[in-house]
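Paired with chain B in one complex and with chain C in the other, chain A is shared by the two complexes that follow.
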Partner chain A sequence: MDEIIRQHYDVDGSDFTRAGEASGKIKKTLKDIGFTPEAVRKTAIAVYEAEINLVIHAGGGEIDVEITPEHVRIVLTDHGPGIENVELAMQEGYSTAPDRIRALGFGAGMGLPNIKKYTDEMDIQTELGVGTVMTLKINA
Partner chain B sequence: MTVQNLIDDFSLEVLCGGADAAQKEVTGGYCGDLLSWVMSKAQEGDCWLTVMGNVNSIGVAVMTDVACILLTENAAFDEDAKLRAEQNGVIVLRSSENAFDLAVKIAEKL
Partner chain C sequence: MKVSEIMKALNAELIYGEDFLDREVYSACGSDMMSDVLAYVKEQAVLLTGLVNPQVVRTAEMMDMRCIVFVRGKKPDEGMIELAKEKGIPLLGSKREMFTSCGILYEHGLRGGGHPYNG
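For the complex of A and B:
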């Protein structure tokens, strides 16, 4: 693989049954390209958590992927409420997920900590009332 | 052992998944219902014991490459979860026993 592969996904915020589709496709792409199982696993976990957050907390958004032989970079953009206190949100166990979301098995407050743990770089730019842009990088 | 061995040994109900998926090797197990925990901790080849039979569980199974989902205590399995499981070749099994009892018995066979 010499060229850079770019992918774009729209994540529907109203359809919970489709949440995770983009992550599944990204994972398959990396597997097919021949990324190491470790890099595939790390990316899969991080992007799934981030995609679910788009649906649960931000009413959907967009995912842009850039794959090179060295790394995969994923940019998740939403126009949701933004994150008031990123440091707090990053703590294990912190969650504002409502009860109906908890009933589905989410809301443990482990998503962002998982993303941090499984990525080589993680950056969150957020503004209240405007939205959030999260950039993740995983080395191949 | 394979998923098929698991089905036979414990008389599990097969809710979804074909013969191909049943040939997958089971190399370990994980119990949990909080999906972010499972995402982070379950390993490829695990038999995942849970009461969460919704569409997001299928997403987690796909992302973690667990060998199968085993719904415990006759937990409900949603229609849209079934659809997603079929699309992704995820095998979903069910038992009336609880996670502890099943895990103990499965561990003996691994």
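For the complex of A and C:
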């Protein structure tokens, strides 16, 4: 693989059952082009957590992927409420998710800590009432 | 432990995946919280859960899990079964509760894996 592969996904914020579709496709792409199983899984878990966040917290958003032979970079953009306290949100167990989300198996306050754990770089730019841009990088 | 052996041990029914009965499973994870499942990678694991929604299958997909067991008699809907087919993940259903199901598999030698506190 020599050239850079770019992908774009729109994530529907109204359909929880479809959350994870984009992550599944990204995972398959990385697997097909020969990323190591560890890099594939780390990316899949991180982007899946982030995609779930787009749906449960932000009313949907967009995912842009850039794959080079050295790394995969994923930018998740939403126009949701923003994250009030990023430091707090990064703590394991801290969650602002409502009970209806917990009933679906998420909202345990593990999302952002998991994303951090499985990525080599993670950056969050967020503004209340404007939205959030999260950039993830995983080395191949 | 093979999928077929898990099926027998838990007296479970095969919801989907006749082609995967010989698949080997090397560790196990029992939870209704998918966020917790995603926190610790287990190698080639079986997921036991009482949660039924498509994100259970998605979580198993992202974690490269080998099999899903629905406990407490929970039944996945058609959409979930279709998704499992698409992803090649066998589905089992057991009437036993989570604690009992996990205990039986532990007795058969399966362990948690992926976390320092797991035996």
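Rule of thumb we're sticking to: the second predicted complex is superposed on the first by the 140 of 140 C-alpha atoms of A that agree within 3 Å, B and C clash if a C-alpha of one lies under 4 Å from a C-alpha of the other, contacts with A are read in each partner's own complex, and residues count from 1 in each chain.
Criterion: a contact is a pair of C-beta atoms (placed from the backbone, for glycine too) under 8 Å apart; a residue touches a chain by one contact, two chains touch by 3 or more.
Just so we're clear, the structure is a prediction, and the values are computed from it rather than from any experiment.
Engineer: One more residue to check, A:132. First (chain B), second (chain C), both or neither?
Structural biologist: neither
Engineer: Kindly classify A:104 by the partners it touches after superposition: chain B alone (first), chain C alone (second), both, or neither?
Structural biologist: Both: A:104 reaches chain B and chain C.
Engineer: Applying the document's definition of touch, where does A:119 land relative to chain B and chain C: first, second, both, or neither?
Structural biologist: neither
Engineer: Using the superposition on chain A described above, determine whether A:53 touches chain B (first), chain C (second), both, or neither.
Structural biologist: Neither partner.
Engineer: Output check: A:17 vs chain B and chain C. Expected answer is one of first, second, both, neither. What do you get?
Structural biologist: both
Engineer: Taking the two structures together, which residues of chain A meet both chain B and chain C?
Structural biologist: Comparing the two interfaces on chain A, one with chain B and one with chain C, the shared residues are 16-17, 19-20, 23-24, 27, 37, 41, 44-45, 48-49, 52, 104-106, 108-111, 114, 117.
Engineer: Considering only the defined contacts, which chain A positions touch chain B in the complex?
Structural biologist: 16-17, 19-20, 23-24, 27, 37, 41, 44-45, 48-49, 52, 104-106, 108-111, 114, 117-118
Engineer: Note which residues of chain A are touching chain C in the complex, please.
Structural biologist: It is residues 16-20, 23-24, 27, 37, 41, 44-45, 48-49, 52, 102, 104-111, 113-114, 117 of chain A that touch chain C.
Engineer: For the complex, give me every residue of chain C touching chain A.
Structural biologist: These residues of chain C touch chain A: 32-36, 38-39, 41, 49, 51, 53-56, 58-59, 61-64, 79, 87.
Engineer: With touch defined as at the start, can you tell me which chain B residues reach chain A in the complex?
Structural biologist: Residues in contact with chain A: 33-37, 39-40, 44, 52, 54-60, 62-65, 80, 84, 88.
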